[in-house]
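Quick one: this structure, given as structure tokens, is what I'll be asking you about.
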Amino acid sequence: MTLRIRQPRAGLLLVPAYVLLALTVVAPVLVVIVLSLFDYDPLLGTADFVALDNFGRVLSSDEFGRALVNTAIYLILTVPVTLTASMLVALGIHSLSWGGTLWRNVYFLPVASTLAAMAVAWRWLFYGGSGVVDATVGRVLGVEDWLHSTTLALPAVAVVGTWENVGFAVVMFLAGLSAVPPQLLEAARLDGAGAWSRFWHVTWPALGPAVVFTLIITTRNALKVFDQVRVMTEGGPVNSSTTLSYLLWERGIRFLDVGGGSVITLVLLALILGVTAIQLGTVGLRWERAGTR
Amino acid sequence: MTATSPALSSSVRTETASTPGVTCRNLVKRFPDGTVALDDVDIECPPGGITVLLGPSGCGKTTLLRCVAGLEQPTAGAVLIGGRDVTRVDAGLRGVAMVFQNHALYPDKTAGGNLAFPLKMAGVPKRERVRRVAATAELLHIDGLLERRPSQLSGGQRQRVGIGRALVREPDVLLMDEPFSSLDAELRVEMRAEFLALQRRLGMTTLYVTHDQIEALSLADQLVVLRDGRIEQCAGAEELFRRPATSFVATFLGGMNLLTGTHRDGRLSIPGRPDGLTLPPSLSAPDGVVTVGVRPEDLRPGPGRDDDLSLELTPVLTELLGRERLVHGTFGGLRVKVRLHADIAVGERLIVHASAADLHLFGFDGTRLQEAA
Amino acid sequence: MTARVVTRQVLTHLALAVGGVVMLAPFAIMLWTAFVPERLVFGGAGLGDLTLENFRIAVRESDWLRAYRSSVIVAAVTFASQLLTCLPAGYVLARHRFRGRSLALGVMFGCLIVPGMVIAIPSYVMISRVGLLDTIAALVWPGLTSAFGIFLFRQFILTLPQSIFDAARMDRVGEFGMVWRVVLPNVKPAIAAFGIFSVVSSWNDLFWASVVLQSSANATVPFAITQFADQEAGVRYGAQMAAATLAVAPLIVAFLLAQRQFVRGINLNVAD
Amino acid sequence: GGGDDSASGEPSGAATDAPVTVDVLIPDTSTNIVNPAFEVLTPEFTDRTGTTVEFVNSGGDYGAVEERILAARVAGDLPDAAIISSASIRTYVDAGLAQPFDPLMEADASYDPATAEPALLDFGVYDDQTFGLPLTASWVVMYYNADVFRAAGLDPDDPPATFTELEAAARQIVDSGAAPSGLAFRFADDPNMWRLQNVVASAGGALMNDDQSELTFDDPALTGLVEFLAELAADDVVSLYDSTSIGEAYFRGDVGIVFDASSSARTHAEGAAFEYRIAPYPVLDDGDDRVLLAGGASIVMFTDDPVRQQGVWEAVRELIGPAGGTAYEEEQGGGVVVLDKSANAAVADEHAALALTAGDVADFAPMFQFPGRSAQEIWSILGDEILAALQSGKDPAQALADAEDAAGSLLP
Amino acid sequence: MTATSPALSSSVRTETASTPGVTCRNLVKRFPDGTVALDDVDIECPPGGITVLLGPSGCGKTTLLRCVAGLEQPTAGAVLIGGRDVTRVDAGLRGVAMVFQNHALYPDKTAGGNLAFPLKMAGVPKRERVRRVAATAELLHIDGLLERRPSQLSGGQRQRVGIGRALVREPDVLLMDEPFSSLDAELRVEMRAEFLALQRRLGMTTLYVTHDQIEALSLADQLVVLRDGRIEQCAGAEELFRRPATSFVATFLGGMNLLTGTHRDGRLSIPGRPDGLTLPPSLSAPDGVVTVGVRPEDLRPGPGRDDDLSLELTPVLTELLGRERLVHGTFGGLRVKVRLHADIAVGERLIVHASAADLHLFGFDGTRLQEAA
């Protein structure tokens, strides 16, 4: 990439987006940051400055520790599977000379669907004993009744999360694949590269920015998973599927503990920013650069 | 003389039993939008030889190479490599390497990575790979640039990386699409010589597209002139240059002047010059519309002898070409180019002549009529 | 096509079908439930029992036309506004180096990850102070721009060849022209993808809508689904699934329309 | 429009009949709660009273209403009134947000409190002031699958009446293989642990001491209930504790006995593919006095503007009067009790098994709610600890003690 | 003669007052990786004239054009257009059009769309746009292709679209980076003539990069030879060809043979030929290391006269270049190329001579020493 000459007007293009971001996101978040230092009773309307008490209280609690671990587990369960599966699916669909549209739709459906209704269907699939999951996977692995197991409830939520996100990632990768320069694939073909090498040496680098995007977004989705937990397990059984986001909602809204909720928000923000930074630092920027032209 | 002209001679070429020839049979390529890029093309490329494809822009040269490479599926016809019909064989399995007209380098790999890639794919061990990449890079004078990415290279440097990527594999069949078009004359001459030596040593069957007449003539074991997707003439370089089969080939290779008129009794009447032109008697032209062709360099100043063709031109533009001068003149409604030594002064009128032996005669349909004496 | 290619295609179809079964299983349940009488939802229903009763209930209990209208307006306004703001921002972040670029990128990443419910109450307060509660404007407010969109466009603009930007600058294309005349036509697949996510998320968003909507005048489609899941009186699964089916149908149609953009890759390499 | 603004100095009486528009926040997805309200508060009502009611949809059920109140409170634009879960009245009273209805009731000469069921009228009374008026009150009853009973060799016509009998029946259902679960007990996502509270109340226990300064999770009834459940859980006779799981399993015929709101009788009638019966909620021991703790919806008022208060009162009066009462009874098919005596008397006998005696109605009591804003969190802590006892084999007494410890600090 | 050689003459050029010249002052361009592509380059391009840039691949030609265009910010130095310092002016505001080496077409637009785009940007009304696009397309022979997308065009066709896109604007300053490199000789000659006519008519100041010597000589009002980012010589075409300032320029333009040796008393001793070479007495070479340059076409067969330089070569390779033959020979350790008429037979030994007037003399550092008589 060559050095671009600074353009005075270019900055203007950032203005609408960033002004709106400032109003719709940044300002509210700043409010939240301030609230984390107060014991704020939203109903009474009272706010006492408590400095870092909220932090000490929340961060040392068992439920926070558990939610943190659960969030990490959820991340590990969903992100790699989502990315791998959707990459395979996208490549498969992309390679088809006919019928690709059908599969594109099939894999897209979960994205479009209403989670509330789909959660019902998923719960029935996971239904202990006679549900499809227990009748198939359960038979093979000898596990059953995921949603009521303290060890399997979170994986069950992860399955639903993956199911929803695969469609998203497939759409992203398909969009990315349409920009892979065909000449390079041709050149690689003549260079004797097999399908795998062509993927690895041409498609993958060209997809770099799309992969980085999908990685960061699926990671974010995993770290702030809420809906899936709420509709599938409500954090249970025994908090075994409570994630940080769920805890945030529970504390900040249900329990009216605004200060505690703000602390969790900040932790969540820091966590996602940290993970994103790590991802960018380790592979992200490299992959991105490979596809930057 | 230790090496002869590159005309095909088995003593020079290391033609091993394994070197396969390339044959195109009745190749037709019609693009989805209806464009017919190749129209019944038959070519027989001798094993281990260089077949040069020439033709105007858009005539189908690249398309032909792509069909041979397997990157484009012909609409009809067959491609044979080493006698085997490979029309349905995957591009990667044809043992063909190609230098792309637009280079098609891997943007995320360094120049060195680009060169090493085909070797990696062929499973060449690391050490050997490094050696061969270094050798190829040296050959192409890009040895200092191996760490750069394509975006950090100049046009000519990119082109050389593209060439290197095809050569480094030492393929059986090599397709080169205007490989030296972005190189300076000096380097081009050198590269051409290096390439020729390499090709003679390794004996890969080569299909070579170029717009450079010198390159075409000096490399070709066989020269194919394409026009609108059809073969206009296919012959050895010397033959094609000396006896162009059509007026198209004649203009295309060497930019021959064509004097078209109606012939009757040794006189050619030309539009705008009703007095016409006296043809040398030895040129037994038939009556009717004929075309007399003569190359700019075969026109010499002065009125010439009796059996010569003599013309009086009105110069309209002169261009300096180093030691020589290209004079563009008109003869009636025709444009005639003359190549003269730079020191010769050009006045208001320029009388030039050409010996009958240097004249080419074409019929009304453009096909060659007679044999220059 | 050679036999090899055909075989590979068939195998690909088969593999996709296996995954497809997993993807579709919940939908099969949804559709089946939607067409089965409430009493037989949990088993015992046969093909002969299929009924449209659930749809009748779903249609009766919500004003679907109004819900569709509100949702379409919200989705369209949101998408248009996001496109108008995100594409230029994505372009600048991808192709310009300026002071504060890292900060801008950092803010984008930060905004990308803020959960909607964190900002819900402060945003609610803001909306209510300006008296916009219960309006379309309130519905679209948090979606007027999107860090997700900025990031997405930035990533795709990175893959465009620099040469077209060079050429455009020589052609005296200003920065605005660069976005709308040069970038836009070349990132159509990304726009299609973004459009899908933008529309889907505003279409399905219940949370924010439930915070700022007051009357049912502007109720969006998701409201039609939730009303059948009553904690007190129990869930009416059949009607809920029928409503969910009605909710997703327009999205699928929209997706089908957006398909072409995915298929039509531009041969970007001609400019090298 | 908010209740906080424009507390104008107008004398209250003068404004009584001035046209006024009040907004009422509703749990709009709880159709059984809001549909009768829509039916009653019509344009005709407006013509008659000069009061227009604008319903503010919460976009969800009671939980959504509470979230919405929270947001509105922060934004300073509380609705004039809200229909909330009866159990939550106390939270808004403690926060000083709910306004008393008494002055309005007293000022309204045409309203006769004697027409109201006294027990229900007490629901929202704190410090002798009425902060909430119930629109409906449902109670917990036992629904059981007669097919399962028969398959287990139990007599569907003789349902268990005490927890001892319940245990026997549940074990028999499981042992005989008639259903995977004998009974199901919802408390994990039951906002106020209605079913649990009922057992404790019927046994004369309490979750807090009399002056409401301390938690009493060592209450024998509570301990007994948890121990009872823990034993059954250990043997897998009971395994489901949240409403969705229970509902889905029950309707599949995988649970013999569930405890559900009387108001969901209609759902059972529509959704059960098997023969089901309704019986009173069992008591812990023979000697226990069955107490009916009421669930259901109440209306609370937030506005302190006299004019608007008057408007709210007019709407409330309509809702709790004969018209509203009848509408609720019809909507629920008799599965609820309403404030208006006459409406209760005319109750539809759609669910004959639900019919209550006058004594039952007299014993109606509101659900207990912990004081202060952390009420929900306390319930949640209690629920988690009990679940730990049931699912991870934690000692019940220990679990309850831990819950008391953890929750104690959350009291105001 | 109605038109003279294109050497700058005000009668031909429509130099209007508005035509701005282009000046580069001490231009330095160092890429982030440390490569110095331009090193203190000073060029003065006359308004309305054609300045041709020549130089080996990678010498910085494209970089120079990009700096002038404003696509690359020079590390140091200034670019002036029409006397105004535009170094910090945005590319779009410099009134410059550019033909890119890699065409840089808009992949999403048709050929016609690509041509129309700059006009659209300049606010040219629709009708006028259509007219100008059609005219430009006709000029470039791509009128039948306007509906195709770049990916559906051949390399030469793409290149012509790229040229058209720059020309259609009729810019004040035109930068052309090897514009005709992918065109066949025939078309190239035609395009060159068309371009020249257009340029003379519109009078745009042009910077033109080419590797084609004929193109360079025939177009250049001023010729600049670059080498490793530095200017080697800047002069008129004829001057530069006749009196190359350095041995580098001499080899680069016209591929001059360089005979480097140690001179003493009229004899040049050359490695591998200890007997050396007798220099013509009229060539007053200093003692020490000198280089004698002679062009291949200035070497004639036969021993020549006394005052001629005479060489005996060992031919190693001959290449047919149409009517001529290029003979590569060795003279001691040096390589010498000779251009002969194709009919001249080449034996084991080839004796050639050159007249003293055709010899060029360079010092040990490569700079020109004396004046050919």
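For clarity, chains are labelled A, B, C, D and E in written order, and residue numbers in each chain start from 1.
Everything below uses one rule, namely that contacts are C-beta pairs under 8 Å (C-beta built on N, C-alpha and C of every residue); 3 or more make two chains touch, one makes a residue touch a chain.
By chain, with names taken from UniProt: A = ABC transporter permease; B, E = ABC transporter domain-containing protein; C = Carbohydrate ABC transporter permease.
Keep in mind it's a predicted model, so treat the numbers as computed, not measured.
Annotation of subunit A (ABC transporter permease) and subunit D: jointly contacted by C, touch as defined at the top. Graph distance from subunit B to subunit E, where chains that touch are one step apart, equals 1. Among the other chains, D has the CA centre that is most remote from the centre of subunit B. Taking A-B and A-C together, the pair of chains sharing more C-beta contacts is A-C.
Each chain gets a centre from the mean of its Cα atoms; for subunit C and subunit D, those two points are 38 Å apart. For the pair subunit B and subunit D, the distance between C-alpha centroids works out to 93 Å.
Subunit A (ABC transporter permease) and subunit E have CA centres that are 57 Å apart. Residues of subunit D in contact with at least two other chains: 63, 67, 70, 74, 244, 248, 252. In subunit E, the residues that touch at least two other chains are 70-71, 90-91, 102, 153.
Among all residues of subunit A (ABC transporter permease), those that touch two or more other chains are 1-3, 7, 124, 181, 183-184, 206, 208, 253, 291, 293. If you check the complex, the residues on subunit D that touch subunit C are 23, 28-33, 54-64, 67-68, 70-72, 74-77, 138, 243-244, 247-248, 251-253, 260-261, 263-264, 266-268, 270-273, 295-296. Every residue of subunit B that touches subunit E in the complex is listed here, in rising order: 1-6, 31, 33, 35, 54-58, 61-63, 101-102, 145, 148, 152-157, 160, 177-178, 181-189, 193, 211-214, 217-218, 237-238, 241, 251-255, 295, 297-298, 314-323, 326, 328, 346-348.
Those residues of subunit A (ABC transporter permease) that touch subunit D in the shared complex are 41-45, 123-124, 127-130, 147-148, 150, 234, 236-239, 250, 253-257. Across the interface of their complex, subunit C is touched by residues 66, 69-71, 90-93, 96-98, 100, 102-109, 117-118, 121-122, 149-151, 153, 158, 165-166, 169 of subunit E.
Residue ranges of subunit A (ABC transporter permease) in contact with subunit B, taken from their complex: 1-2, 181, 183-184, 186-194, 197, 201-202, 205-206, 208, 289-291, 293.
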